[in-house]
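Each of the two complexes below includes subunit A, the first together with subunit B, the second together with subunit C.
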Partner chain A sequence: MATVGRALLILGLAVAVYGLAASLYGARTGRRAWVDSGRRSMYAIAGLMTFAFLILEVAFLRSDFSYNIVASASSTTTPTAYKAAAVWSTQQGSLLLWVFLLSLWSSLALFLTRRRVREIAPYATAILLGFCSFFTLLTILFANPFSTTANPPAEGAGLDPLLRHTTMMIHPPMVYTGYTMLTIPFAFALGALITGRLNSEWIQVTRRFALAAWLALGIGVLLGARWSYTELGWGGYWAWDPVENAALMPWLLVTAFLHSIMIQEKRGMLKVWNVSLILATGTMAIVGTFLVRSGILSSIHAFVSDPTLNISFVVLIAVMVISSVGLVTYRRVELRSESQLDSLLSREAVFLLQNLVLVALTAVIFWLTFFPLISEAVTGTEQSIGPPAFRPFVVPLALVIVLLSGIGPIIAWRRVTVANLRRSFAFPAAVAFLTLVVLLTLASGVDTHVFALMMFCFGAFTLAAVGQEFWRGVRARRAMTHEAAPIALISLVRRNRRRYGGYTVHAGLAVLLIGVAGSSSFQHSRYATMKPGQSANIGGYNIRYVKATASPSAQKITFGAVLDVTKGGHHVTTLHTTYGLYPSQDASLGVVGRFFNSGSVESRIGLHAGLFRDIWTVVNVGNVAPLQSYITKGDQLFAGAMAAVQKAPAAEQQSRLNSLYVLRDQLIGELTRRFITHPWPVQFLLIVSPLVTWLWLGGIIVAFGGLIALWPIPVLARRRVRSAAYAARLARELA
Partner chain B sequence: MDPSRKRAIRLTVALTAALLLASALVYTSFSAGEDVVTASQLLKQARPGESYILGGTVVSRRWDGGTLLFRVRDPKLDESVPVRYTGSVPDPFAVGRGVLVTVQEQGSAFVGQPGSLTTKCPSKYQDANTKAA
Partner chain C sequence: MVAAATVVLVVSAPFRRAAADGAGGTDTQDDRSTTEVAELEAAREAKYREIRDAELDHRTGKLSDEDFRSLDNSLRAEAISILKALDRARES
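After this line comes the complex of A and B, so read on.
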């Protein structure tokens, strides 16, 4: 089947190149048959890539180690769900996933727009097929997922233990869905620039894909943060790592885009800005893939980069940037705004300011992410930069974003009046002020964290502003229809999904950033080395190491600790944290040693999550020195025994080996249980962190709001919206 | 006020703000950045008592009591330095993986500052050995 898989990739490339040429020829000559053929090429690629991806999935599920990537990233003992997810843990598999998702979403976009934007669509099709060709070519030439070996190993290396986490099964496909979907508005924007069809039509047909990309990328980022918090054993959820930033940057830009297109739709303004923003977002999605897959920023951190892949990506990004800048410059006259900003105190101005802040935030993150490369280019020496360098910029900008999230929904379009200010701002401002007074009065130590205090107040302002908008909407609806409040609320949201979905997102963002401010400013953290019976104090809690646990299994050796948490003498919770050691396939570590000294480890945290406070613990039993003399002795004994087996008659060798393996497993079991019978001091990381749950809740609210906004509106309402948009455009043109 | 004059003022204010932000960013990043040295650079320039951020690939590791002993190799040259480290060891730490650690020269080895050992996110990059032939 590997040959079939490779043939599918080559066929996919051929179809993509044909479709690209057919679309361009159809667009230039006006022959619809060629345009339709180009579009159908994308459907064909989606079919071919689905088949290719399924072949690879089946190879992983069947543990077919003749495939090199199956042998390197899976094993027979890897649980089935993780075998399926192991496909995208590899370079080759993840690039195939990219093409697969790109062809799938592109097909959907081209199908839905097949009777609209007829002039733009052929160019957009050609651009999307260009992306397909690029990534398919990468999988064929540099990262072939279907490469095989004539001598497959009996067992694979297994999936990296740190990736054996539920969120890691969903996080990569979500991020890739976001990246690939962002190429759709990029392609339509470029198509609009090529054809000169620069009204809002291209925005209307691709807005939903931009929103879906925003949602998928946002969920992906949140799941990645959750994985980091619960799996990586350091207690944080965000480290300003280049690959984290790679997903955050396009998300910030598409957030700005989703706001600024409203101004173009309503007022015909910001055309240059919108088209530039979505072109930058699409390019940033490719930069994100480049950062994640090439390892260009790995030289100071770790892994080997692939120069061939780097050059290919740099060429693609250069082509995207040059064509974007060139076309925007060429069309600058047609992209002039149809109207001007009436006042700096208007919703348009707030949206514009919010856009500038989001773009500034992206620029800061971009600069600091690439700083190691920039510093090397400028000074000749690579420099390391950590999270403290991000904070002076990110924190004030995040504060402004939260405040504007509250102001945006309640400020009037065009020009604000004093009456509007009083009517809309009095309640949210009062809530923010009350929050400030309550926090300064009741919460000790909060006054020393000015930025956190500001975030709590701005967050309260935003929540109050959004709540006020919902309340006013429900009140108005009840006055008209006499519906019960819950029914009125549901009807209100159903009929104005984009608006109230957006408000929900703003509320979620406020909750999320309150969580970030609280957990990063008021966290208590310490390391403690303890033996059973000993305890450590942190953040007003006493954590006692009650007993050690240990269990050997075929997959891994698990050491653990049971911890009793008390506060003021009262029992709060009991936590169990474990440290798993996965065996290595490296025979040089010894028959027994490869189980204890593989370095392939996985921590499981002991977590007590609450609405106001998380108690987070992890044990590190990486140091197995107290067992080392037994391990070394065991290795020597078994090495001798194995040598003796080799000299035995061939017919007896297997049975003798099986007996030896039984003895080995008994020894490993005994050694593992020594952690219970003769426990040695082990290191714990203990963290008491407030409001972390708010972060996850905020993220869920944001995603829920995004879903509301994304959900298709009923046909009648859609007709109404189109008529309203048409009437608005007509009125503008007549004016 | 004349609309074109108004626009010019707004543009000037926006550009000034952008310039200020950019200048602050450049200044802060260069002053906050710390040089990362490779094993071969460390062997040449290390002075006792001074701290360096060592970057490279782990080539061996073992425990000696509560101390982790490992060697960090220069990614480009075949030179490595020994590091003695006590403190939190990230789960992704393993032979073949890239690390950053703050070290000071003490005798024949380098002593890692507790809590300074970091490794790259394991979900993203691959070792060259795992790439397809």
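After this line comes the complex of A and C, so read on.
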């Protein structure tokens, strides 16, 4: 089937190139059949890539080690669900997933727009097919997932232990969905620039894809943070890693775009800004893909560097930037605003300010992410940058964003009178002030964390503002329809999904950032080396190491610890944390040693998550020195026994080897159990962190709000009523 | 081979349909009027949304009666001119 897979890729590339040419020819000559044929090429590629991806999935599920990437990233002992997810743990498999998702979402977009934006669509189709051609070519030439070996190994290397986590099965496809969907508004924006059709139609057509990309990328980023918090064993959820930043930057830009397009739709303003923003977003999505694949910046998430692949990406990014800048400059006259800002006291003004802050935040993150490369280019020495470099810029900008998230919903479009402004601001401002007073009075130590205190107050302002908007909306609806409050709320949201979906997102963002501020400012963290029976204090809690656990198995050796958490003498929770060692494939480490001195480790945290406080711990049993003398002796004995087996008659060798393996497993079991019978001191990382749950809750609220906004708006009276007077018709259609 | 044949069938369908309909020429004129109608429909939907937003802003107390009346009148006038242009485009 590998040959079929390769053939499908080559066929996919041929169809993409044909479709690109057909779309351009159709667009230039006005021949609809060619345009339709170009669009259908994308459908065909989606079918071919689905088939190719399924072939690869089946190879992983069947542990077919004749495929090189199956042998390198899976094994017979890998659980089935992780075998399926192992496809995108490799450079080759993840590139195929990229092309597959790109063709799928592009097909959907082109199908939904097949009778709209007829002048723009052929160019957008050609651009999307250009992306398909590029990534398929990369897959064929530099990262072929269907390369095979004539002598497959009996067992694969297995999936990286760090990736054996539920969120890792969903995180990459969500991020890739976000990246690939962002190419759709990019393609339509370029199409609009090429054709000069620069009114709000292309925005209406692609807005939903920008929103879906925002949602998918946001969920992907959040899942990545959750993985980091529960799997990586350092207790944090965001490390300002280049690959993390690469996903965050287009998300910030598309957030700005989703707000500023409302101004263009309503007022015909900000055309240059909007088109530039979405072109930058699409380019950043490719930059993000490049960072994951290139390894040019040091990251735990990046694949191994490949210079040829890197050059190809740099060329693509250069083409995207040059064509974007060139076309925006060429169309600068048509992109002039149709109207001007009426007042600085208007929602448009707030959106503008929010856009500037989001773009500034992206620029800061971009600069600091690429600073190591820039410093190397200028000084010849790569200077690494850590999270402390980001905080002085990101924290104040995040504060402004939260505050604007509260102001935006309570301020009207076009202009606002001071009296209305006062009435809208009174309640949220009072809630923010009350929060400040309560925190300063009741919470000790909060006054020394000014930024966190401000975030709590601004977050309270935003939550109150959004709550007030929902309440006022329900009240207005009830006054009109006399519905019960819950029905009025559902009707209100159903009829105004964009508005109330957006408000829900704002509330979720406030909750999320309150969680970030609380957990990063008031975290207690310490290392403690303990033996069973010993205890350590942290953040007002006493954590006692009760007992050691250990379990050897064919796949890994797992050491663990059970800890009892008390506060003021009262039991709070029991935590169980483990440290898994996967056997190395390196025979030079010794028959026994390769089980204990492996570089592949997997930490399982002990976590007690609460609404206001998380108690988090992880054990590190990397030090197996107390076992080393036994391991060395075992290696020597087994090395001698193995040499003896090789001298035995060929017919007896396998049975003797099997007996040796049984003995080896018994020895490993005994050595592992010594962790229980003769426990040695091990190191724990102990963290007590407030409000982390708010981060996840906020993320869920944001995603829920995004789904509300994404849900299709009911068709509102699109009938043509020719006989009626226009004013009456307008009233009827608006009803 | 099956995949290649299927791809050819999918991609060539518009040409077969065009040949069956006897339409071998360009569709530029049709496209232009369709595009104009689509643009005006998009403008109409945006204007309707703006009117509804203003109504909701008024009902939720963000716009005074006076501001709302003036805004609503101008938005409705803009909407009516879009509707007129839309009808003209459809008739042409």
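Simple rule for what comes next: the second predicted complex is superposed on the first by the 709 of 735 C-alpha atoms of A that agree within 3 Å, B and C clash if a C-alpha of one lies under 4 Å from a C-alpha of the other, contacts with A are read in each partner's own complex, and residues count from 1 in each chain.
As a convention for this text, a contact is a pair of C-beta atoms (placed from the backbone, for glycine too) under 8 Å apart; a residue touches a chain by one contact, two chains touch by 3 or more.
Bear in mind the structure is a predicted one, so any value in this text is a computation, not a measurement.
Judged by the touch definition given at the top, the superposed model places A:S603 against subunit B, while subunit C stays out of reach. With both structures placed on the common chain, the touch criterion links A:W234 to subunit B but leaves subunit C unconnected. Once the two complexes are overlaid on the shared chain, A:G30 sits against subunit C while remaining clear of subunit B. When the two complexes are overlaid on their common chain A, residue A:R118 makes contact with subunit C while staying clear of subunit B. In the superposed model, A:T177 makes contact with neither subunit B nor subunit C.
Of the two partner chains placed by the overlay, only subunit B lies in contact with A:Q340; subunit C stays clear of it.
On subunit C, the positions that touch subunit A within their shared complex are 3-4, 6-7, 10-15, 17-18, 25-28, 31, 34-35, 38-39, 42-43, 45-46, 48-54, 56-57, 59-64, 67, 71, 76, 79-80, 83-84, 87, 90.
Touching subunit B in their complex are the following residues of subunit A: 68-69, 72-73, 89-92, 143-145, 147, 149, 160-163, 168, 172, 231-234, 241, 243-244, 292-293, 295, 298-306, 340, 356, 360, 363-364, 367-368, 371-372, 375, 381-385, 388-389, 392-393, 527, 529, 597-603, 620, 622-625, 628, 681, 683, 685. Subunit B meets subunit A in the complex at residues 3, 7, 14, 18, 21-22, 24-26, 28-30, 32-36, 53, 55, 57, 61-66, 68, 75, 87-95, 97-100, 114-115, 118-128, 130-133. Subunit A contributes residues 7-8, 11, 15, 18-19, 22, 29-34, 36-37, 40-41, 43-44, 47-48, 51, 116-119, 197, 199-201, 204, 265-266, 410-417, 419-420, 423-424, 469, 472-473, 476, 479-480, 496, 499, 716, 720, 722, 726-727, 729-730, 733-734 to its touches with subunit C in the complex.
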